[in-house]
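Look at the two complexes coming up: chain A is in both, with chain B in one and chain C in the other.
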Partner chain A sequence: MYRNVKTAELVSLKIDGTEISVPPDTSVIEAAEAVGVLVPRYCYHPGIPTRPAQCRVCLVEIEGQPKLQPSCKMSVQEGMVVHTASEEARSARRSVIELLLVNHPLDCPICDAAGQCMLQDYAFETHQLASRLNEEKLVMGRDRIADDILYFADRCIICTRCVRFMREVAEDDALIVAQRGYRAYIDTFPGRVLDNPFRGNIVDVCPVGALVHEDFLFKARFWDLDQTASVCPGCSTGCNVTIDTKENQIVRLKPRHNSEVNSYWMCDHGRKHLIMSNRGLRPEAPLLRRNGKLVPTGWGDALTWVAERLREVPSGMAIVSPHAANESLFYFRRLLDRIGIAGGTFRVERGEEAILSGFPKLQLRADRAPNASGAELHGFERFDGSARSDPEGDAVAVLEDPLAELPEEWGRQASFFLYVGNRLSSAARNAHAILPVTTFAEMEGTFTNFEGRVQRFHQALQPAGLARPAWLVLARLVSLLEDDGDGGAAAPTLASEAFQVMVGDTPAMAGLEWASVGLKGARLGSTEAAVLQAQAPVEGA
Partner chain B sequence: MPGEVKVMTRPEGKGSYVRAALKGMGVTLKHMVDPHKVTQQYPEEKWELAPRMRGTHRMAVHEDGRSKCVACGLCPTVCPVNCIKLIPAEDENGERYAAVYEIDEFRCIFCGFCQEVCPVEAIHLSVHYENAEYSRERWVYDLERLCEIDHPYTALWDPADPSSE
Partner chain C sequence: MSRRIHPSVAGAQPFQLAERDPEAPLFESAEGQERLQAVLSRYPTKRAALLPLLGYANELHGWVSTQDMESIAERLELTPAYVWSVASFYTMYNKHPTGRHFIQVCTNISCHLNGAQRVLERFLEETGTRPGETSEDGRHTVIEAECLGACGFATAVQINDEYHENVTPERVPQILAGLDGNGS
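Let's turn to the complex of A and B:
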């Protein structure tokens, strides 16, 4: 949160009557946030380095200073006494908001930002009920500043967050402020196109509804959306995101702050990728092949039937997907061990890489799947060939891989073909048993990102039909196979239980806790090292 | 005490029903002479409705016949019985409009919140109550039907002072 912490010495100051000690070089607005006072801000954004202090809405009164000071720019000083809500500060803020509203169209009913608009919030806070302006408002119209981003010039308050994001974080000088004064508007630099792979972030930083993503334009009102903390499955970076859903459909993705992974940002590939997952044909009930036809069945019958058939499987191959959760991969490995299939491969879709220059840790990585590391951790190998060979007379078990690239007759000759997945491709229809499982958005679980960071995602959607999380289905199958008349071991029913079983059985994951993974994730290496250190026998003790 | 009945004696001279019967006939005779109406001959004769009555919805339209609705989504949000369905979309001019706008008049409780909340004075209640349909589906009024309705607006909304200022 704090920039350039140079010394360990702290500076004490008083904000709205609360004493706080913060590192020097902290700005007043950050210190105020630390004591729970949210000073209004437009041009200040914690993820954008420069603070032009041009919006003047964060003005606060500081004792001993002749004038109000912009709290985003002002560094803390020893003994400072700050009043964020004094009469003088509030009246200045009211004037700023009133001036911003002079040409603001107040088209809140049709504006996509309504409900999460900082101009709405502060206008309400400063009690601006009527305008004193008698003149006509300036009408500027709208512009398409990128393929998928619209710019409503009337709504813009020229905070320049978008311009500074592009210049300082994306390091792609595509946006400028054109014209001056009340005619100022945001435009692309002459001769430049806004095609940066991280351009979607300018919509997120916009404090009003001036920048709107085409994919969200007129789609939903903010108050109709349900928000769920999740992890982006677009690539192996695993950006922390919030999934916004409406009526059991994913409407959009917003980045969720995590300084270890993605800061405040995410890429456009991730945004578009997940919205596509609303489409596609899903199996909605267990399907068993009887007399050559796939017949829908209940879960109980299906699992018993599959367990019976799996007992007779002599040898075979396994295919997994790097989109499967850690818990699902773990229980799939257990199932394979039980029926005697070794190895197993997964195929990762590859794509072009892109780096966010201002925050190089955030990259759109070549591995376009969230859990390739997790699959490797559970003993599955990367498959790089062009097409998988047909299992022919062998058995084959598939976890979540859509098998989309395979020919229609693939797997038809297999002695037993078990498909545990959530897409019905033509090859998958050759299975003897199709067990419908949820996508990651419909379940709880964890992914392991490229650097071995285990991150939890939460359930955003209701499952399609009878689909259940893969780990639940597989754990039940394993316990049915282990049943020698005594009912077998109890299968976990909660994601947290499955996670703890996995951690207890996977040495590389030792030390992880469901609760401590939390919303920010935990690194494999660090916890492992910490645990090993803690367990190491003390010399000479 | 159970079983014990209080016996009242009938007052002398008031035991006859003749007086009461004559009185009743008198009323009947009076109505024959002065036909004061009690029964209303509905539907030939109709009630005079209060101007502020809240009845069937109607949608205000522009001169070219387009609905005034901008699909802001406030009426489905405020509706206490969830009888309004709205799907917004973008028209050929890039404006927001209601691609689907349906009101289930069967479910509606005619509270008038939708009219009150509408920022563009598009949806209104009208002074009208006579609705009958052969099927429940027909009670779901779509946008076209709401636009065609031309019953008088309820006086809760004054067209001369649309924003109630």
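Let's turn to the complex of A and C:
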């Protein structure tokens, strides 16, 4: 929240009766947030550098100042006494809202932003009961801003957040305010649309329903959405996101603030591609090959049968997916160690890169998978060839790779083909056993991003059929294989337990804690324990 | 054709009038290049030259087209969208083609009191157009203008860059007839 603190000196001020000390370059609106006072704001956005102070809705009373001051622009000063909700401040705010409502269509019942609209919120807060407007409202219509974004000019309050996001954060000055005064509207150059790979963020910064994603238009009411903190699986950056779901379907992804990863933003590739995961054929029960046919079975029988077969596996190959969670990859490695398969490869889809100039840490990275680093950490290697060779007479074990690009007869000759995954491609159907596992959205777990940041995601969807998290299935298999009549070691039943087992057994992850990874993630090697471990060899010197 | 430039303007802005030619290239001509360099030399940044160049396009073509905005953006290293935002802010850059004679009838208070409304109506009648519309022969576009600053000579009418003062409805046909003679 605060910019770099260069000086140790803090400024003390009083906001709505609460004393607070903050760094000197803090604005009043930020300081107010620190004491729990959310001053209304439209043009101010913490992720956009400029503070034009043009919407006038954040006006506050500062003792000793002749006029109300915009709290977004005003820096804190020693001894300042601020009243954010004095009669004068509230009256000014009421006027601003009333003026904004003059031409606002009040089409809230059919507006995508209803329920998460800052105009609704502040109109509600200033409790304006009746309109004093007798004139007809100005009607401006709508426009296409991008292939996937529509602009409802009537709803726009010209806060220019979208324009300034494009200009200052995306550094692509392609969105502007056209005309002036009451006729002003947001526009692109005539005949052109926004094609910036980060354009979707203009919809997120819009405080009202003026900018809307066409693929979300009329899809869901905000209050019907379940929101789950997660990590975008679109590339190796691992942007922190919220997955919005309705009736067990993903409807949209929204960025979740993390100053270490994606700030307030995310790219359009990330927004789009996960929606597709609603589709596709999923295995919904364990399938075992009996007399040449795949037969659905319960989990107990399936795991016992698979464990028996795995005991006989002499050698083989392993394929994993960089979309699998750290915990799943860890237990898959354990299983492979147990049955004597070394190595293993994963294929990463590659794509064009894009960088958000104003926050260069946020990039759409070439690796279009969230957990290539995690797969490498657990001893799997990148596979760069065009097509995988057929296992022929060998055994093969697959974790979550859909095998979609492989020929139909791939793996048919394998001595044993175990498929632990969530897609039923034609190659996957050649398996002797198909164990259905959840996608990342249906489970809890962690991914390791491109720079070794371990980030947790939460369960957003109910699993398809009997699908279970891969780490749960694999841990159970491992413990069945280890069973020498004593029942074997207890398998974890919670993601947090699986995580701690993994951390205890993976030196690179030393020191990580499920709780401290929390919602913001933690870098490998950044924890106290890891630092101590790294320093350990120095002792002898 | 010689153009009369008011002496107070001529010294300061010697390059402020271009001969109307809707088909002429904006910068791919000797005159265009000269104009561009003259404008650029007057400002510390390229962006600052935006208004004069939009003005140049407006004088030369009678309006500012999207192609004009694109080529200005390219010359000034701005995005076309930014140029569009500025061009659309100012109402006096025409965003649609205009007739050879762009007739602006002042209807602000002084002119209004002196019958500007009837003058405007007469212009529209004589040219067979509605406000802002270009006549079929491409000769005339008539619009209502805000104060032209000639309140002492109401009704004031500006045709291209020439003023006609004390205009009455009766004088309108004569003024229109005079336009084609000298091209003004």
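The rule we apply is simple: the second predicted complex is superposed on the first by the 520 of 541 C-alpha atoms of A that agree within 3 Å, B and C clash if a C-alpha of one lies under 4 Å from a C-alpha of the other, contacts with A are read in each partner's own complex, and residues count from 1 in each chain.
By definition in this document, a contact is a pair of C-beta atoms (placed from the backbone, for glycine too) under 8 Å apart; a residue touches a chain by one contact, two chains touch by 3 or more.
These numbers were taken from a predicted model, which means no experiment stands behind them.
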Where does A:Asp173 make contact in the superposed view: on chain B (first), on chain C (second), on both, or on neither?
-> second
Touch check for A:Phe124: first (chain B), second (chain C), both, or neither?
-> neither
Count the residues of chain A touched by chain B and by chain C, then name the partner with the higher count.
-> C
Partner chain(s) touched by A:Asp187 [first = chain B, second = chain C, both, neither] = second
Figure out whether A:Trp223 sits in contact with chain B (first) or chain C (second), or with both, or with neither.
-> first
Residue set of chain B touching chain A in the complex reads 70-74, 77, 88-90, 94-96, 119-120
Would you mind writing out the residues of chain A in touch with chain B in their complex?
-> 108-110, 142, 217-219, 221, 223-224
Considering the complex alone, what residue numbers of chain C touch chain A?
-> 66, 69-70, 78-85, 88-89
Touch list for chain A against partner chain C, complex = 172-180, 187-192
